[in-house]
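Here you go, one structure.
Just so it is clear, A, B and C label the chains in written order, and each chain counts residues from 1 on its own.
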Amino acid sequence: MTSARDEILARVRTALGPNPAPVTVLREYRRSSTMDNVIELFEDRLRDYGATVVHVTPDGVAAAVAEQVRGRVRVAPGLPWLESGPDGPHVGGVAVEVDDGGPAAELDAVDTAVTGAAAACAVTGTIVLDGSPDQGRRALTLVPDRHVCVVHSGQIVGAVPELLARLNPRAPLTFVSGPSATADIELQRVKGVHGPRQLVVIIVADTTGQ
Amino acid sequence: MQVALFATCLVDAFFPRAGQATVALLERLGHEVVLPREQTCCGQMHINSGYPDQALALIRRHVTTFEPYDVVVAPSASCVGCARHQHPTVARRLGDTALADRAEALAARTYDLSEFLVDVLGVTDVGASYPHRVTLHPTCHSLRMVRVGDRPLRLLRAVRGIDLVEMPGADACCGFGGTFAVKNSDVSTAMLSDKLRDILTVRAEVVTAGDVSCLMHIDGGLTRLRTGTRAVHLAEILASTDG
Amino acid sequence: MTFLGMPTAPRGVGRLRGDAPFPVAARAALTDTQLRRNIGHATETIRARRAALVAEMPDWEQLRRAGEAIKADTLARLPEVLVQLEEQVTAAGGTVHWARDAIEANAIVTSLVQATGADEVVKIKSMVTQEIGLNEALAAAGITAHETDLAELIVQLGHDRPSHIVVPAIHRNRTEIRDIFRRAMPGVRPDLTDDPPQLAEAARTYLRRKFLSARVAVSGANFAVAETGTVVIVESEGNGRMCLTLPEVLITVMGIEKVIPTFADLEVFLQLLPRSATGERMNPYTSMWTGVTAGDGPREFHLVLLDNGRTATLADPDGRAALHCIRCGACLNVCPVYERVGGHAYGSVYPGPIGAVITPQLTGVADNPDLPFASTLCGACFDACPVRIDIPSMLVHLRARAVASKGASLERGVFGAIAWTLRSPRRFSAAIRLARLGRLLGRRRDRISRLPWPLSRWTVARDAPRPPRQSLREWWRSRPTKPGAGE
């Protein structure tokens, strides 16, 4: 008896016939953007989604994070603004927990997660997380109700093709475009179902890398 | 210019006034109209009902009949759409490549009336006068099969005395759909009642369209309900010199 | 039952066949005032939103053409692309399974769940698992499947069926949803109102416990990238992320047509899909994963590749583009038929225009002969389709297949007689003269109010035209001057 695999592949070959005509894919859509207001547009989109946007200079990140977190705070293990003090780790003077990869159920008691980002896209107001140490495992930015995400201006591109070009496909990727939402009830958009209901984006104006 | 009138079976048998108006209009614009006597039906009903095999002979007749002419014009976007898109496809699918090629060549010089007037003759003001309140049903096949765009509207706007009003949801289907109106008559009726509502909302005296099939459907509802609103083919308005 | 001898989706399992023919089911749906209000309102809302967001994309047509071409290219190279996907998923620590049909896919998933010892799973909204009736198969094995998408939860708790590809509870309004939750959601507060945020909150509270305790999740897939083995889920609520991240074992079921060749191809579909589906620039969450990642997410990943009539669809060169569908639901929202009857009347998990071309191909047209006729061929679906599936032409093609599957029939005889009449101008003229007898029927109002069956279905709600005294050709012949070349 042939395996399901072999049989399905054989069916596909039969269905296509001996010489399926090759297809040329023309990519005449915009693959790069030439906009000069990328950060403005990104912010506009984020606000449209109901996210909070904060602008800071590189030396103001820790203070901004400290201001935006609420309640019990957990941060990605490789967050650059993490400092250790005599009373444990803190960011900008606010005590935080460092995510240790423990049971996800523990995250249910956490109020705020703080991470960096892998890249962002202005046209769609999207932030991408790729599981790097400054972003942590996926559960960290999912279970707590508030996500504070630090994005560098140099990480923000204009359009979707530029965004994908910056990503490592094999990393666990999460694209976040505003807070969790649903339109399942009469097509009315309701913010916040299972993911974080509050999204705070801290945009760091880089002097280089733009 | 000599124009062969592709009258369509429905116009020939049931709505000759739309055909007569097309003739009158084209002659008024200084063109010679001929009505090839061998024409019958383009076969759309058979193709869309699942009988392309039976339609093949009708396609062959259509192509043979109109092939000798340089320009073919029909007062029906739906039938033009069939000749343009379905004739070559059906012929090819049924293995008659030569017929498919001929159909394609013929389709390239086959026009819906509004296309012919605006694109080929380059006129939008055809010298018509029609002092009535009119709303246009743009029809699905005009819009999405033949892609006549706003040509019918441009022609109507140039008509003297006309009070042209746009109905809400104008580009929505009236629910005719050929045999759909019989096979799924309940859904068809539901669509028709919404279309009638939109026509009546703008208090038009006349609803017009470039397709007699949709007009037959809409008229059937308008008269059944004694609305007093009439369905009139676009050609009849453009041919009119009343008032 | 087969096309080119290719097996179709088996009977007796899954949800591709309805209980009543479309015209009958549609007739019932038309009389449901609440349903028509709900669907009419919802489709109108989403149409407007989609139109606005598509209009802001200057390269929308180029994106549509690229999407169409990528899908066509994938199908043309499907064997190599599928094998590459399998290699990449396996190399990344996943396990690939192949399922010839619904029965085999259900058996694979059931045994995978049983191997974990779990007696419940959490599910992400997935068309394909609805198609194969996975929940029912799991239930038969004593495994409870919890739907976690809000709309699917509404449908599941209401013992209902989904009626839309993207918004399965589109046929329910807020008050009905509140009543379902009050009745069937364990632990719900008795004073729950019909305020949408409160309804969403209720679902959040109820499902959070499930997410944190579930050991197995089941999902579908929006896309799977052959080049990297990356699987993609597009969602809004975060229930998808919960299912993809928290349980130990993840089982993904996908139709073989969901594969795309390269990661870069996603740049097309991630622009087309959200705008077409929900009228958003981007959906709130998109997850992509490749096999398993240590310390992040499930430790076991299974990918089930399903045929279930897809190769039969592929075998028809004039029908195979139905496999290009990215399940955005845009064609449903613009369809004047869907808008009035809703999804249930189609009898399949795939309703609307795309359902009318996919379902009959998956099952074989003989099992769904009415669906290709459930359309006026108005063409709105083609214009809305983000991958340019020519649904109207495909419907016409499938009508011919449906008619052929029936063989000889009274209808064929009638159409044959009409075609015979139309093959000769002489016979056509005679028929016109004969039809003129109908003038008698219309002598009172210049319209005919009643015709015999089957045309009575026309005159039940509309008048028929009264045949004119003179046909166009008779008038032409009687014209005194201007004898045209044809006459």
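Here, a residue touches a chain if its C-beta (ideal position, glycine included) is under 8 Å from a C-beta of that chain, and two chains touch if they have at least 3 such contacts.
Keep in mind the model is a prediction, meaning the values are calculated, not measured.
Undergrad: Determine the shape of the graph in which chains are vertices and touching pairs are edges (line, ring, star, complete, other).
TA: line
Undergrad: Indicate, using Cα centroids, the chain positioned nearest the centre of all protein chains shown.
TA: That would be chain C.
Undergrad: For subunit B and subunit C, what's the span in angstrom between their mean Cα positions?
TA: Between these chains, centre-to-centre, one finds 31 Å.
Undergrad: Taking each chain's centre as its mean C-alpha position, how far apart are subunit A and subunit B in Å?
TA: A distance of 53 Å separates the two centres.
Undergrad: Hunt down the residues of subunit B that sit against at least two other chains at once, touch-wise.
TA: Answer for subunit B, listing residues that touch two or more other chains: there are none.
Undergrad: For subunit C, which residues count as touching subunit A in their complex?
TA: Those in contact with subunit A are residues 4-7, 38, 41-42, 45-46, 49, 58-59, 62-63, 65-66, 69-70, 72-73, 75-79, 82-83, 86, 92, 97-100, 104, 148-151, 154, 167-170, 173-174, 177, 196-197, 199-201, 203-204, 207-208, 211-212, 225, 227-230, 236-239, 241-242, 244-246, 256, 263-264, 266-268, 270-271, 274, 278, 280-290, 293, 295-297, 305, 307, 311-312, 314-315, 320.
Undergrad: With touch defined as at the start, can you tell me which subunit A residues reach subunit C in the complex?
TA: 3-5, 7-9, 11-16, 20-31, 45, 49, 101, 104-105, 108, 121, 123-126, 131, 137-139, 142, 160-161, 163-165, 167, 169-188, 190-196
Undergrad: Where on subunit B is subunit C touching in the complex?
TA: Those residues of subunit B that touch subunit C are 2, 4, 7, 9, 11-17, 19-20, 27, 32-41, 43, 45-55, 57-58, 61, 85-86, 89, 93, 140-141, 143-145, 172-173, 175-192, 216-217, 219-221, 223-224.
Undergrad: If you look only at subunit C, which of its residues touch subunit B in the complex?
TA: 22-23, 26-27, 30, 318, 336-337, 340-341, 372-380, 382-383, 392-393, 396-397, 399-404, 412, 415-416, 418-419, 422-425, 428, 431-432, 435, 445, 447, 449, 454-455, 457-458, 460-465, 467-468, 470-473, 475-476, 482, 484-487
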